[in-house]
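Listed next: structures, encoded as structure tokens.
Both of the next two complexes hold chain A, though its partner changes from chain B to chain C.
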Partner chain A sequence: MKSDMEKGVKKGLPGGVDFGAVLRTYGIVIGLMIIIVAAAVLEPTFLTKNNVLNILRNMIVTGLSALSMTYVFMLGMMDLSVGSIISLSGVVCVTLANKFVQTDAQDANTYPIILVAVLLGAVMGAVNGSIITLIKGRLGASFIITYGTQIVFSAIAMLYTGGNFIFGSYYKGTYAAFGKGLLPIWLFLVIAAMMQFILKSTKYGKSISFIGANRDCAYMSGLNVGKYIIITFIVSGICSALSGFYVTARIGSATPIQGNGYELNAIAACVVGGTSMQGGTGSVINTVIGVLVLTVLNNALNVLGIDSNSQLLFRGVIIILSVTLDMFNKKYAVKKG
Partner chain B sequence: MEMRNITKAFPGVVALDNIDFCVEAGEVRSLCGENGAGKSTMMKILNGILQADSGAIMINGNPVKIENTQEAQKLGLSLIFQEFNLISTLSVAENIYLGKLTGGNNRLVNWKELQKKSARLIKELGCSIDVRRKVSELSPAEKQMVEIAKALAVESTIIAMDEPTSSLSTSEIKHLFTIIRRLKESGITVIYISHKLEEIFEICDSVTVMRDGKIIKTLKTADTNENELISMMVGRPMSMEFPKRVSDIGETVLKVNNLSGNGTVKNISFELHKGEVLGIAGLVGSGRTELVEMIFGAVRSDSGEILIKGKTARINSPRDGKAHSIGFITEDRKETGLALAYNIVENIVITKLEKVFKRGLYRKGDANRHVTTFIDSLNIKTSSLNQSLLNISGGNQQKIVIAKWLFSDAEILIMDEPTRGIDVGAKYAIYLLMNELVAQGKSIIMISSELPEVLGMSDRVLVINDGRMKGELTGDDINSEKVMSVALMQA
Partner chain C sequence: MTKSSLGKVDGREIKKFLLSKSVLIVLILFAAVMGFIYPEFLSFSNISNMLQDISMYGVAACGMTILIIGGDFDLSASSQYAWAMILCISMTSIVGPVAAMLITLISGIVLGIVNGLLVAKVNLNSFTATLGTQLVIRGLCLAYTGGQMINTQNETFTAIGNYKLLGFSSLTYVYFITIVVVSFVLYKTRFGRNLYAVGGNAQVAKFAGINTSLTKIAGFACMGLLCAIAGLMFVAQMRAGSVLYGTDLTMSCVAATVIGGTSLSGGSGNVVRTLIGMILINVLYKALIFLGLSSYLQDMTKGIVVILVVVFDYFTSSIGRRTKSVTV
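For the complex of A and B:
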């Protein structure tokens, strides 16, 4: 990407800038800016502190799953079960909190609950990863297998709750603090930074990228492909389970259908951020930008009072536009070669 | 057909520089030259896949414009790619008449008619392939026949074949040549692109040598010889000889006892020594690839044992093979040898990532330093460390595959078709490299479909047929007659 930029400058156009290259590289950031500026001009309340914090906190639910979805994408796979993992984790957290966090003295029990959510997510991720590894599955198989586990995990959440809404009876202290103020935003940014770092600078990150770029070659190079697939789906499960916990901390209740559709939001965020579904290329930072675009757009349309049906229209167009932009980028890269 | 003053430039490189090329009806013309000489670009222009920047194409004296493959087909031009361009999930008949499944104004497919027509074409080629079979079930040789039938179905008058024999056995090549002769008799022009010089002399009437986007010369094959062609291709005098080496063979590093499995490898035993090149001779499908894949762990064995330096080694995956210091240079660089979208550094360090990590963190400087050493010692030509491998020549790609196993500190290097699809100059460089590696005390097992290469490079040759070990040749016994007689010997 950087070299595109440099080339544009070197071409020495009058302004010294190749607009095509800028658009290809920073199109998504420019789009985000346009949405923000337009919304701020049309509706001054958009840029108030409260609304900005609101946007950032809203971003986290999709955001956590989208971070790990980036890993899954890098591997050249897909995880459709994240929505159900969010739901199941959410209902388990609230049920546990209703039992073990009932007085201020029990406030510290919040942490073991988070741990349970993490373990639960890890188990569900391990199930996904193990089945896919067992059948030596690729993108198509990951799609179908995680669609199957999505249904199974969702059914478990339904059976667990009897299909009912669960109200959090004690909703204050540490548990609630995870859904309020700046704390969740900072935590999210720390996790995102860590995940970007792991992807770019660790053996695990390098390995999953290589597997995504050419899995057969990775196998013949002596990489333990199965292990990396399982770990990646475990990461996906954990992130989604944390997202499930976060939702309950934010709203103080849980439903077994809470996470429905979030897998598609996470996928959309990755795609808008420019991570390729073919595996091997992508970045967590781009995904964060992708989540921001979708969340900001959503919020801006809300603030502007546009009804929810028209909102979907915008959302769809943005996703299509970003995929198109990505394809142009690739075509350009090939032509250049 | 005639191409005049054709020029085509890609960013940074002129692929074709003012080319004049013409062929006559019923001629078999070879097009040869090193990789990157411009052969493929020329064929792609002829078939409408690429458009020339300038110049003209004439057919029977009339200038034509070829904007896409459909137009090329209408003009009677067909190109058969090395990797084939068939839809593997469809039947032979459907592939042959792809795009013309319905004749005339019909909107429905007349399956009986379609099968009858395609069966007739297949029969004309002297083959017996059931046209209802799916292409995915066919052997490479049969696919080749389907491609030719496909070209005939559109009444092509010029058929270009890019490396048509790269995946065929000797008898299949013979059959292909019979067909080419038949095409020639019926007035069809064949443009035959190949690296294999002996084939060119066997089948072609004339040969056009290309180098660096220019046509060097067009000659009658009768008026030239292999060495002349090679020196024209590389631009300097060179002989086809294999580089000599003084072998210093040491102790046994690998011992295979009664290895069987996969239905393709039957009770094979042999030894490999330090500093030795062990050639494996056998046809495609003889079990030779499966045998070495079993030693590396990519294919499971059912019985038998593998000893590395005298110790029994349990090898169940390529990871185990690597841990026993075996490196595997696969026969398909693009599919299993390299991640072409990634750069040279990422491709080389992947075999032993721990070498470029310190306290769990990637050390880019270390990685670059290691790779730069390989670039120097193996003389790999690449413009930068960050460039993807997509646009690097086959010879350099192959060196990178070798480098990645040297990086893993492999002592035993298995090379499956190490010179497939690379040009003469690059082949020679690979041979020199092999000599250097064994001189450093590494051991090499080499498989090649090109018998002269196995004979020329090996200290010892194992002959394999039908999954069984047929014999072992050393010294003066290493010659093609001996290999054939041993291979065909009754057990």
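For the complex of A and C:
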């Protein structure tokens, strides 16, 4: 564990002057720059205002879940139910909106709907967290339990809609505003900043990092491990539910399968950002950069007219490259420390 | 004599034995109840159909069990499965069916070794490494087929897929031979024993002189080979291939392994348990179809069963196995 701490200290130091250190510390940011420059040179429309805003807005869907996935990773766990929570919260939001937000006078009803989504996400997260705490589970248990709840939540979304696409009949006002313009981007940045602050500067953040680094030790120091696990999964549920709401605000409709696969996107974003799956270390800012890399790459490939089939390939390569880079970073830090 | 020894068997021993066979007991009870309500449920044709249905995923699940025993994990299983189908079908038109199958098997081993190298040599977490290779392999398949289904009319595959012996399909035999071979490898070979040691505690295994990275790479190679065999079985039965087939393969294999009672933390388990897990899931599915439930409810039941089994396993493990010193 000592070496881990040393690594953390090493990472915190300023990069130094030699090129190798810069590359190791800011490799992912440099990669992002290269993608942006290459896309901008090859296709000038890439850097237009509309496209940039589009990238930022697209980023939020995966981004919100990825933020909370960072917390879950810090615990040394995983949440595979994220995608199903996005789907379920999305269909519930649109159904409620179809009932309660039908005229301009009912515009303020949007806020209770968001509250319902948050509560729904919290309940689903609490279910995940409670079961995992009940069996005193670690990575393996969190994996299989959230896989189980993923199936259950997605089946509930299917039953709720009968498997149908739900069209939002009134798509104006506040509800739609959450998916347009600069508002969602600002909100996302505020949430990200808040989560980074909580992670780095509060008792809760320090505790989950401690639990992730050495759970037995945390338990023996008197931390209520179960409580922190449940809270973390509740946070994960809430963020994913908000992401589900955001999708419906953006496109004005919902399907019970729209969140499928988002859990892997969120995990990929954390991994590309350099959060380790071993737990104990991680940063929300890095995750935001990770989400940005994946979204920019996706958009750049789209703008360049590369078909969606080959895009998977690029994404896979980026993931492997970034985790390999991260691994070499750590090896180097251990060697030097 | 027998009476006295019987008398000595205390309740705890019986409880331990019953709990260690709990999944099998649940399966037998469940099948008996279903057979009582619907006699055709236990008919020979239904059973042989079921064994044929589970055989493809079952073979891949054997590979997943090997990996999980070694403490690793493979998310790219479904991509490797699709890759095997597509490669085999496209090669058949060029070099003929037998050579195509051989090439597919070799490519499966190669893909497995690539995964293994990423995990054992580059030291990546098996989950992240295979998350990446999953996308790469899927991307290659999609780019090659353009997302279309491809098929073959070769008679060799028809002959293999339709062959039946004693009422059981050839695929069922392939599955059972795989189980026997993998069990032998796990229990009787040096590689198999090393795998348990590495899965139990990689650090200790390394200090004991086991080549842990080679063991891990070999485990991934087995996984690749078995996924390729599963893909070939699919081709033999359907004579078609597409990335859309078997997208749930990875998680179904993990579910079957876990329901069978192989611990996700590694170091224990066997493929016969996975077979029982596979059958239990399938019997459950079939039962829900017989009962006329909607497919969404079937999915939901599958999820609930997975959760219940893990929770149940935790509460019984304190009786069945040694408890860990610190249980946080």
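Some notes on this structure:
FYI, the second predicted complex is superposed on the first by the 320 of 337 C-alpha atoms of A that agree within 3 Å, B and C clash if a C-alpha of one lies under 4 Å from a C-alpha of the other, contacts with A are read in each partner's own complex, and residues count from 1 in each chain.
Note that in this section contacts are C-beta pairs under 8 Å (C-beta built on N, C-alpha and C of every residue); 3 or more make two chains touch, one makes a residue touch a chain.
Source: prediction; values computed, not measured.
In the superposition on chain A, A:Arg315 makes contact with chain C only, while chain B stays out of contact range.
By the touch criterion defined above, A:Lys206 reaches chain B but does not reach chain C. In the superposition on chain A, A:Val323 makes contact with chain C only, not with chain B.
Put chain B and chain C next to each other and count what each touches on chain A; the higher total goes to C.
In the superposition on chain A, contact is made by A:Leu264 with chain C only, not with chain B. Of the two partner chains, chain B is the only one that A:Asn214 touches; chain C does not reach it.
Of the two partner chains placed around the shared chain by superposition, chain B is the only one that A:Asn224 touches, whereas chain C remains out of contact. Once the two complexes are laid over each other on the shared chain, residue contacts for A:Thr281 go to chain B alone; chain C is not touched.
Within the superposed three-chain model, A:Lys49 lies out of touch with both chain B and chain C [touch as defined at top]. In the superposition on chain A, the residues of chain A touched by chain B in one structure and by chain C in the other are 216, 218-220.
Those residues of chain B lying in contact with chain A across their complex are 11, 298, 317-319, 321-323, 328, 330, 335-342, 346, 350-351, 353-354, 357, 360-362, 386, 388, 390-391, 404, 408.
Residues 3, 200-203, 206-207, 210, 213-214, 216-224, 280-281, 335-337 of chain A are the ones touching chain B in the complex. Chain A contributes residues 78, 131, 134-138, 140-141, 143-145, 147-152, 154-156, 158-159, 163, 215-216, 218-220, 225, 264, 267-268, 271, 276-278, 307, 309-317, 319-320, 323-324, 327, 331 to its touches with chain C in the complex. On the side of chain C, the complex with chain A involves touching residues 118, 122-125, 127-129, 131-140, 142-143, 146-147, 251, 254-255, 258, 263-265, 294, 296-297, 299-300, 302-304, 306-307, 310-311, 314-315, 326-328.
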